[in-house]
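The structure under discussion is supplied below as structure tokens; questions concerning it will follow.
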Amino acid sequence: MYPQTYRYTKDHEWVEVKGDSAKVGITDYAQKHLGDVVYVELPALGTKLAVHQTIGTIESVKAVSEVFSPVSGEVVEVNGELNAAPEAVNQDPHGKGWILRLKLAAPGDAAALMDAAAYEKYVAGLEA
Amino acid sequence: MIREPLIFEISEPGKRAYTLPALDVPGPADALAGLPVRAEIPGFPQVSEVEVVRHFTRLSQQNYCVDLGIYPLGSCTMKYNPKINEKVAALLGFAASHPLAPADTVQGDLEVLRLVEDYMCEIAGMDACTLQPAAGAQGELTGMMLIRACLEERGDPRKYVLVPDSAHGTNPSSAHLCGYTVKEIKSNEGGTVDLEDLARQMTDEVAALMVTNPNTLGVFEYDICKIAEIVHAKGGFLYMDGANMNALTGKCRPGDMGVDVLHINLHKTFSTPHGGGGPGAGPVAVKRALEPFLPVPRVAGTSGALILDYVRPKSIGRVKSFYGNFGVILKALAYIWSLGPDGLRETAEIAVLNANYIRRSLDKDYYLKYTTATLHECVFSDKFQKEHGVSNLDIAKRLIDYGVHPPTMSFPLIVHGALMIEPTETESKRDLDQFIEIMITIAREAETDPELLRTAPHATVVRRLDETGAARNPILKWEHRKT
Amino acid sequence: MSYISLGDKDKKEMLERIGASSLEELYGCLPDEVLLKRRLALPEAMPEAELLRRFEDLAARNTYPAHLSFLGAGVYRHFVPAVVDYLSARGEFVTPYTPYQPEISQGTLQIIFEYQTLVCQLTGMDISNASLYDGAMAAAEAVLMASRLNAKPKVLVARSLHPEYKATIRTYIRNLGVRIEEIGFGADGRLDPADLARKIDKDTSAVLVQSPNVFGVVEDLKAVGDLAHGHQALFAVAIAEAASLGLLAAPGVFGADMVFGEGQSFGLAPSFGGPYLGFMACKKEHLRQLPGRIAGQTKDVDGRRGFVLTLSTREQHIRREKATSNICTNQAWCALRATMFLETLGHDGLREMALQNVHKARYAAGVLGRIAGVKRRLSGPVFNEFVLELPKDVAAVNARLKAQGVIGGLELRPFYPELGNSALFCVTEAHTREDIDRLAGLMEEALR
């Protein structure tokens, strides 16, 4: 269920690191609890983010959730597809529902996060 | 039932519903020179009076309302709206009053304001009152501004406001609009403010604690006097959200419990009608220390020679134009005069009786997260029904099939899948029993036929609406299409 | 009077089921120290007939309605078609709650949708909300919205914006790091473009102007809008006299980012200051920062068209301290009356009403301006209000008029001392020629 190459946060964001580039999104657990996503607030390109700084918000009909940056870096790309099709976050949260890409400021940030196995265990504990 | 189109869909050039008297002064074309005259508005309605009357009459038949049946919305106090109140509020002497009229020509209006201010103070146990705020939320904002202004005068406005996790969303948003950072206070297992958490978080950087009493679970904050002590000991103010005053009128008074400032919802406790979403009124009553900061103008002088006093150097200013939702205030005055002191007390007692009757009748079939004694409302959750895949939303939609308005849902946030029920004092036992029977029937249906609930309602003019689609692709007005 | 529907037997049975022996016992969960030990000190309960008498007495103490009045300044006397009172009094419109359960609130929701459409049609904007408390609060919300949109700290506000709107803005922004600066008006009564050009800079979030302004003068919205946009500031237009939209060009045509104001002219009684109707509309790109409830169109599971409250994530019950506004209850029933008013007047009726306002005000300004010593101030084009400077103290003149059953123009010195001994007169379609001639006769007498 949860891609092995990704790392995960307690707030249910995932990050996929490739060299000094990091792709960020929210997990399947998060999208299930949010319900149908209607809008994703994306940051401006060039925004510098620290670990756990708010990236933006994701809105469903009845709730708003903040998305926190799992790693520190600078926003170099945002997923513009989400403007016309926010449902991608529900349908493919780990793939087409990605939110933004950062240029990593500190390569060590991701290592501090949970791997897929640890995250699955964490989520199972929440649902109990 | 006839599905009624939008007015724009039945509109056609050449139809008129109203005729003005002929112009009795010269009307030369050059009178418009220098004015930016607008083009025609394509699609602006042109219909006949018959069409207007049928349009709105048919639309009215698609609305549930208090005049139809029980409206058990927790924290909304949807009590019956007395019809004599509507009649007196519409008297021409009041309706035609211009707010800038000379004071000696509107002594009746000023007397109304003076009387209702005094009555609010007596009922709430406070020293002074403003009727300016147009709704509860605006009252909250006003109250918090008063606190801030007073603290500023003392030298330090402070940084934080404490709000219980069970609070209504307007509480933190009002505090925020005052420039405060909101910190949450946990509720204990009884559902009330955790005194230890409060003591820990109440520092001299905290301007106020905002409390609702009874709280949003319908539970009276038993330790309210202790809560006030903790807050006052550190120089802070105790703000009370008066949304649930219907449980208290004539039984106890916030001012006697250490509350420094509260807002009251006239459209809840004092029977003024909700009108589909307003207008309401949110008077704010304060203790003497906050009186100098009240919004301007204040009614001053003696009966028969009342004036509006604008010379109030410490006032926070005004939160809206003029003096408040006067037409609403008139109805509250009618209500207070109608009921008198015993009637107001009886209101609270019967509101509590009705709510406890429902609570006791439903507590086998619905889960009560908090077993603490409740007053005028109670909060169940969908926990039992969730075992069959039925949520509080499904229960609500099925209630609609039985011709009853659902309770408040999903609030307070501390009860997952909440169903907050407040019948108010004006419901008959027959209506209460009918509501109870329907709720129990639905609990049974959840076990035997959950799909029926998940697809409810079935009997309404529209069935479940696509709220996701509405938010993803907003269509917020009718568009004229050129042909 | 009592509205309790329980008989004695009912109460007994209910207490039995609960397991309590008295109503007092139900309050056992309160500490004894807070229980009130006396009756509330309020007048004794009044039966309906007595209540009516008391209210008629109170209403009779208002002598204002017996006068012929020329007051405007944000509250206007217009004709209201009989159907508006008749239809809006229906219990299905007066007694429902906010339409959170859309399946049983399609009446309210469709009317809100029609209302939003009408506001957009009249203002020339893309999106409208379902109402705010009044024009003054709408002005404050517009200032807050502007600063949320571009995070700049300064809003330039026309000095000719209604004083109560300005006062409300000041109260709302007190604690929020936004400041306002006034832009003066010229001899024509319009916003002074030179003053605006001097004060507008990179810190300016928005330029806010009212049209017709507090003096009744119609602004050159194109000039103001161009200046605002030329400095990357938002252009916000306030409307205190909504009836003007029946005839004057929609502010949207001049590039307004936000148009807001007071809808009292659309079928609401003056009612000593409220309840009124704040309206607010904006360009579609600002949608997510628009405060207040909004109704949207959608479909149900069977494909039928229906309406729902939507985009609720802007609001306090979801976003709590991060909401666009703390507004909850708004002015739905007032918006309902305005919708009925507009749909009854219709396109041509609204235009004709506005035209009559212009002609009657023009006639009045002419007749009064010809009285010896009376000077017309502010030369700009007006809608239904105008300013006259009088040769004798305005308060003294008004006292004499009042003794004759006429309420004259609003004394302006307390708000605009620069206009000296001036008064603001309002004339609408509800004034007859005889009314205006009567005012002129009495004023001439008073000024002799």
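Structure notes:
Labels A, B and C are assigned to the chains in the order they are written; within every chain, residues are numbered from 1.
The definition used in the following text is that contacts are C-beta pairs under 8 Å (C-beta built on N, C-alpha and C of every residue); 3 or more make two chains touch, one makes a residue touch a chain.
Note that the coordinates shown come from a computational prediction; the quantities given were computed from them, not determined experimentally.
Chain pair with the larger contact count among A-C and B-C is B-C, by C-beta pairs in contact. Chain centres computed from CA atoms place C at the largest separation from chain A.
Rounded to a whole number, the gap between the C-alpha centres of chain A and chain B is 38 angstrom.
If you average the CA atoms of chain A and of chain C, the two centres end up 44 Å from each other.
Per-chain Cα centroids separate chain B from chain C by 20 Å. Within chain B, the positions touching two or more other chains are listed as 467, 471. Residue positions of chain A touching 2 or more other chains, listed in rising order: 38-39, 59-62. Residues of chain C in contact with two or more other chains: 313, 318-319, 322. Taken together, the chain C residues at the contact with chain A in this complex read 288, 312-313, 318-319, 322. Interface residues of chain A facing chain C in the complex, by the touch rule stated above, are 38-39, 59-64.
The part of chain B that touches chain A in the complex is made up of residues 410, 467-468, 471-472.
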